[in-house]
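Before we start, here is the structure in question, set down as structure tokens.
Labels for the chains are A, B, C and D, by order of writing; each one numbers its residues from 1.
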Amino acid sequence: MKRETYLNAALLLILLVIPLWAQSADEPFIITLTTRAVIFAIAGVGLNFALGFGGLVSFGHAAFFGIGGYAMGILAYHAQTYTPLMEFPFVIEGTKSMPVIWLTAIITSALVAVGLGALSLRTSGVYFIMITLAFAQMFFFFTISWPTYGGEDGLSIYIRNDFPGLNTMDPIQFYAICYVILLLVLFFVYRAAHSPFGLALSAARQNEDRIQAVGQGPYRLYLTAYVISGAITGLAGALFADLNRFVSPTMFSWQTSGEIMIFVILGGVGRVFGPVAGAALFILLEHQLGGLSEFWHIYLGAILLGVVLFARGGLFGLFAGREVAHD
Amino acid sequence: MTDPILDIRGISKSFGALKASNNITLDLHPGEIHALIGPNGAGKSTLIKQVAGGLTPDSGTVHFAGQDVTPLSTAARAQLGMGRTFQISSLAMEFTVLQNVVLGALGRRGDVFRFFRPVMKDKQLLEQAHTALEQVGLEDFHSFRTSELSHGQRRQLEVAVALTLEPKAFLMDEPMAGLGAEGTQRLMGFLDGLRQRAPILLVEHDMDAVFALADRISVLVYGEIIATGCVDDIRGNPVVRTAYLGEEDAA
Amino acid sequence: MSTLLLIEQTLNGLQFGVMLFLMAAGLTLIFGVMGLINLAHGSLYMVGAFAAAAVAAATGSFILALIGSLIAAALAGVIVEMTVIRRLYDRDHLDQVLATFALILIFSEGTRWVFGSFPLFLDKPAWLSGTVMLPFGIEYSLYRLTIIGIGLVVAAGLFWMIARTRIGIQIRAGENDREMIGALGVNISRLYTLVFALGAALAGFAGALIGAIQSVQVGMGEPVLILAFVVIVIGGIGSIKGALVGAILVGLTDTLGRLLLPQVFGLFMEPSAATSVGSSLSSMSIYILMAGVLLFKPSGLFGGGH
Amino acid sequence: MKLKQLILAASMGLAAAAAQAEGVKVGMITTLSGGGAGLGIDVRDGFMLAVKQAGRSDLEVVIEDDQRKPDIAVQLADKMIQSEKVDVLTGIIWSNLAMAVVPAATAQGKFYLSPNAGPSPLAGKGCHPNYFNVAWQNDNLHEAAGGYASDAGHKKAFILAPNYPAGKDALTGFKRFFKGELAGEVYTKLGQTDYAAEIAQIRASDADSVFFFLPGGMGISFLKQYADSGVDLPVVGPAFSFDQGILQAVGAAALGVKNTSQWSKDLGNAANEAFVASFQSEYGRLPSLYASQGFDTANLLMSAMDAADVNDQDAFRAALEAAKFDSVRGDFKFGPNHHPIQTIYVREVIQEGDVFTNKIVAVGLKDHADAYAADCKM
């Protein structure tokens, strides 16, 4: 067996044991913190699909994270205030149902990703990094100045949305939902990485001439990867909004894009489970360093710098060695 | 005589004042190896790009298998059956040897937008891949990472990938470059047989190889075809001797 | 709306653009020569402003403060280049983005640690205060006019340096072919440090100039950084000429957009809604401009093959 | 998790006569790092000064930094409620963070005392019996500025604010009390630092006065550029751009500007004089508006602790409503929606030696309540 497999299993186990322990020790906040890590992990897995497998360095994934968040915020807000979302040409009501919200988040993010991706993928390299950043900034400034849904104040949803048969306000039950979604997303991404599409996408990242020479255009591959990536990150955004029962334009900020990128790089670019490790480590650092000093960002910066300079390949690179080719 | 598979009709391409391709006409018939030679900077790479796609000529057309492919992308031309190998190895270096060849077979089959089936367990693809590896003699190396291959092995792998595409014609850009004498011999033997499966447009520096293999030779100098003919014609052509071979001797 | 206002706003747009150019020039040089995306460029801008504020507080001289900003930012640039940046040249953009993002965190919190959480005081000198009358009865801030002047002089100096001096030749060589400058017998690592220090000094200088009419505070660099990136992407990364054109374009779009968009919407909407929609759109205007440029020229207006 | 939760239990064991069986645990979520940290630090220092002076053993304060990020604030509130099991929350500076935290906290039966933010939904339809605002409703200072501008005889005002909800509230508040007409109304980009375009519009308009709400660095930038523009119309604004923390960074550019505040360091009551002196000796700087609000919040809380047990929510709420403490603002009482009814003063920026500060020059609105109280049903 490969070491990477052990590491993957260990990660999933840790994420299972910690909340269970916290539940028995009556430390609900630890559960909330772990939920946060799991949701960030989903966002990171989403970005990793474009960045790790497709080599698309998107500095604007906050756009999808935010869209997912606002999908939740807007639907739940209308349900909360008993006002229809839209009356013409047909009535759309708000909803408090999580599955409906997730589906909306996924579809909306995917649609936006089709548009943004189709435009952004005309560029490459630094230009791609910057145009994705610019699109996310457009969403950021738009939501800040768009009064209907709270502008910069954001939207508060007082009670978490519903999932059939569960009490979502109970931290451990909400955690269970997020954990299962993470598992599903990981399963999908793992399969996709080893599928025909995954092989072609990876080849396109390594060598565009090669993929063209075997008769496949890289643009469609990239666009598909970008859309899937955006949809997953959008789903994470909806969960994040439900965790906080709150959405605001901060979800669209460029720092959010940077953080999602950090999860991926900390964990290991192109490793299916990399972002899970990265997000968990990030939350741990934030939590531990925050207690050390008011100036804890300095330490965070130093650690990030250390990872980039000396631990290439992130945590997975450190513990599982160079990626083994899949046979 | 049969219709040519590849028919390049009067293509020209300029970069500013530089005429990289000047009214080039060239064709490739079934069963032949047509070699394209010329000194450095003659415009061979520019010509190959216009044939394979990626660079649109200013004027003129490229016909392939009876179809005008001038407006088509590289990928579309490959789909039609243009099997290309590159001057500088263009392989997915992180992949294993087998993955690279499976990629070729997959590209040929065309169903890349499948997200759930493990591609490396696809019997049909694996079979085609292994066959191609055997043909170029790389079967023993199938589990090697591509970046671990020697220069010559990468060349062989490029050919193997091109084979999986079951092309109607091969476009080979200096496949012998960097191969040792033994490697060159082996590849030459292989190409010799290959021409029966599909004709080859061969851009090559190695004169011995060209004269030994080619059915016809075209000489490209300063963006123009100065001569086309069989090996003996070219050998005896005084224009070619001064413009090209003489230069080669001096160097 | 009067023509006078339009002219004054155009001057404002020009001043804003020229300031952005000081930032963007360094950024684009560093990318052109070393192939490095430096997110921490905004931090150097901040370092310049804080150094100027500290020197001005100690000496009371604005000129000394400007010199202090140049030295401090260049020094910070040299230190960062030699300790961190140097290791990033042959990494991919992803590593560069993350590492320089980490540098932002370190710079920002470090500055707050040293100077505290409250904004610092930095003012223009008395002899640059007040307004001047320009032709056609335009009353305009002397200081802003000075910034435009300084910016144009710096731009001219940069063009001269690149076109005429030894170091300029090396920079151009580096932009075209990174291996070639090694072959020319140039000490590459010294050239890189020099270019980085030059970019840093320009950013710090901009920070000091602008700090005098804005607020010297932690985090002041990031908004400018993003704008500077927009500028160089529009202009074409690596091109000084592109940076200048892009900077002026962004400066004018932003300034005139803020003035004109609400008025345009006022033509067919009620006033407060027009103000609101117009302002929203104008805050997005430069990003729309950038997306538009990239759609038609995917490597910027003057972009080469990067 | 260890150091920052500066847990401050008092040293003196001899508490007041009405000591309770068990103490009160307060969770303070405020901005201590990144941009805008100065405000949070002032609130914290003001609050902790009052706690220290009282020297109680039954009051425990847990402090956390929200980094001015709503999601972090929500997470910290969860932590305070779930793990720390606090009784009372306080500390949030920004309206958007308050909107993220307060409704959920009060819904879970916690008291929330706002030392700064007062978004309008929480004063109107979204009010809650457990939510008390010790500072002001967001519109208050702007309303006073509008009132003052009319009193001062200004007929045409040019008004500007950032394009976000608090900015819109500000202009609405100003217009509510300003009797003249508007020469222009401009929304700027949030975080904008260059105001040349807006100043040019002011110059081109026929305004006779300028009102602006630009908190933090935006206000510093605006004032410096305005002072240099040659436009010399009188300026009115809320106290946020003129508080002690940033006035030094603006410098002489702010001299003479009128600003409205419910507090000023020269307010002549005994509690305030003692507060200013002790704050200065404790921290070596002059207190700001925010520090005074933090100080008042702590004293309000402790006055309620003296009167009732926090576990008896109704009694504790009644004790908070009574507001029996010596506010540094002089008289202090709550309206029906738990927002202050207070006098708002007009201050002028002056120079005292090397230091720029404010002095009271007029009363803006006396015993002013907010406009949303009628919407509050509780």
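Some observations on this one:
Everything that follows uses one rule, which is that a residue touches a chain if its C-beta (ideal position, glycine included) is under 8 Å from a C-beta of that chain, and two chains touch if they have at least 3 such contacts.
Computed from a predicted structure; not experimentally measured.
By number of C-beta pairs in contact, C-D leads over the other of C-D and A-D.
Here the spacing of chain A and chain D, counted between their Cα centres, is 36 Å.
With centres taken as mean Cα positions, chain C sits 32 Å from chain A.
Centroids built from CA atoms put chain B at 43 Å from chain A. For chain C, residues touching at least two other chains, in rising order: 108-109, 112, 276, 279-280, 283.
In chain D, 33-34, 163, 168, 187, 189-190 are the positions where the chain touches two or more neighbouring chains simultaneously. Along chain B, no residue makes contact with two or more other chains. Chains touching one another form the pairs A-B, A-C, A-D, C-D. Against chain A, the residues of chain D that register as touching in their complex are 1-5, 32-34, 64-65, 69-71, 74-75, 78-79, 82-83, 95-96, 99-100, 103-104, 107, 119, 163-166, 168, 187, 189-190. Chain A makes touch with chain B in their complex at residues 188, 191-192, 194-200, 202-203, 206-207, 209-217, 221, 224, 323, 325-327. Here chain C touches chain D in the complex through residues 1-2, 4-5, 8-9, 12-13, 15-16, 108-109, 112, 117-121, 123-124, 129-131, 139, 141, 143-144, 210, 212-220, 223, 255, 258-259, 262, 271-272, 275-276, 279-280, 282-283, going by the rule given at the top. Chain B meets chain A in the complex at residues 52-54, 73-76, 78-79, 84, 86, 90-96, 98-100, 102-104, 106-108, 110-120, 122, 143, 145, 161-162, 165. Contacts from chain C toward chain A in the complex involve residues 31, 37, 84, 87-88, 91, 93-95, 97-99, 101-106, 108-110, 112-113, 226, 229-230, 233, 237, 276, 279-280, 283-284, 287-288, 290-291, 294-295, 298-300, 303, 306.
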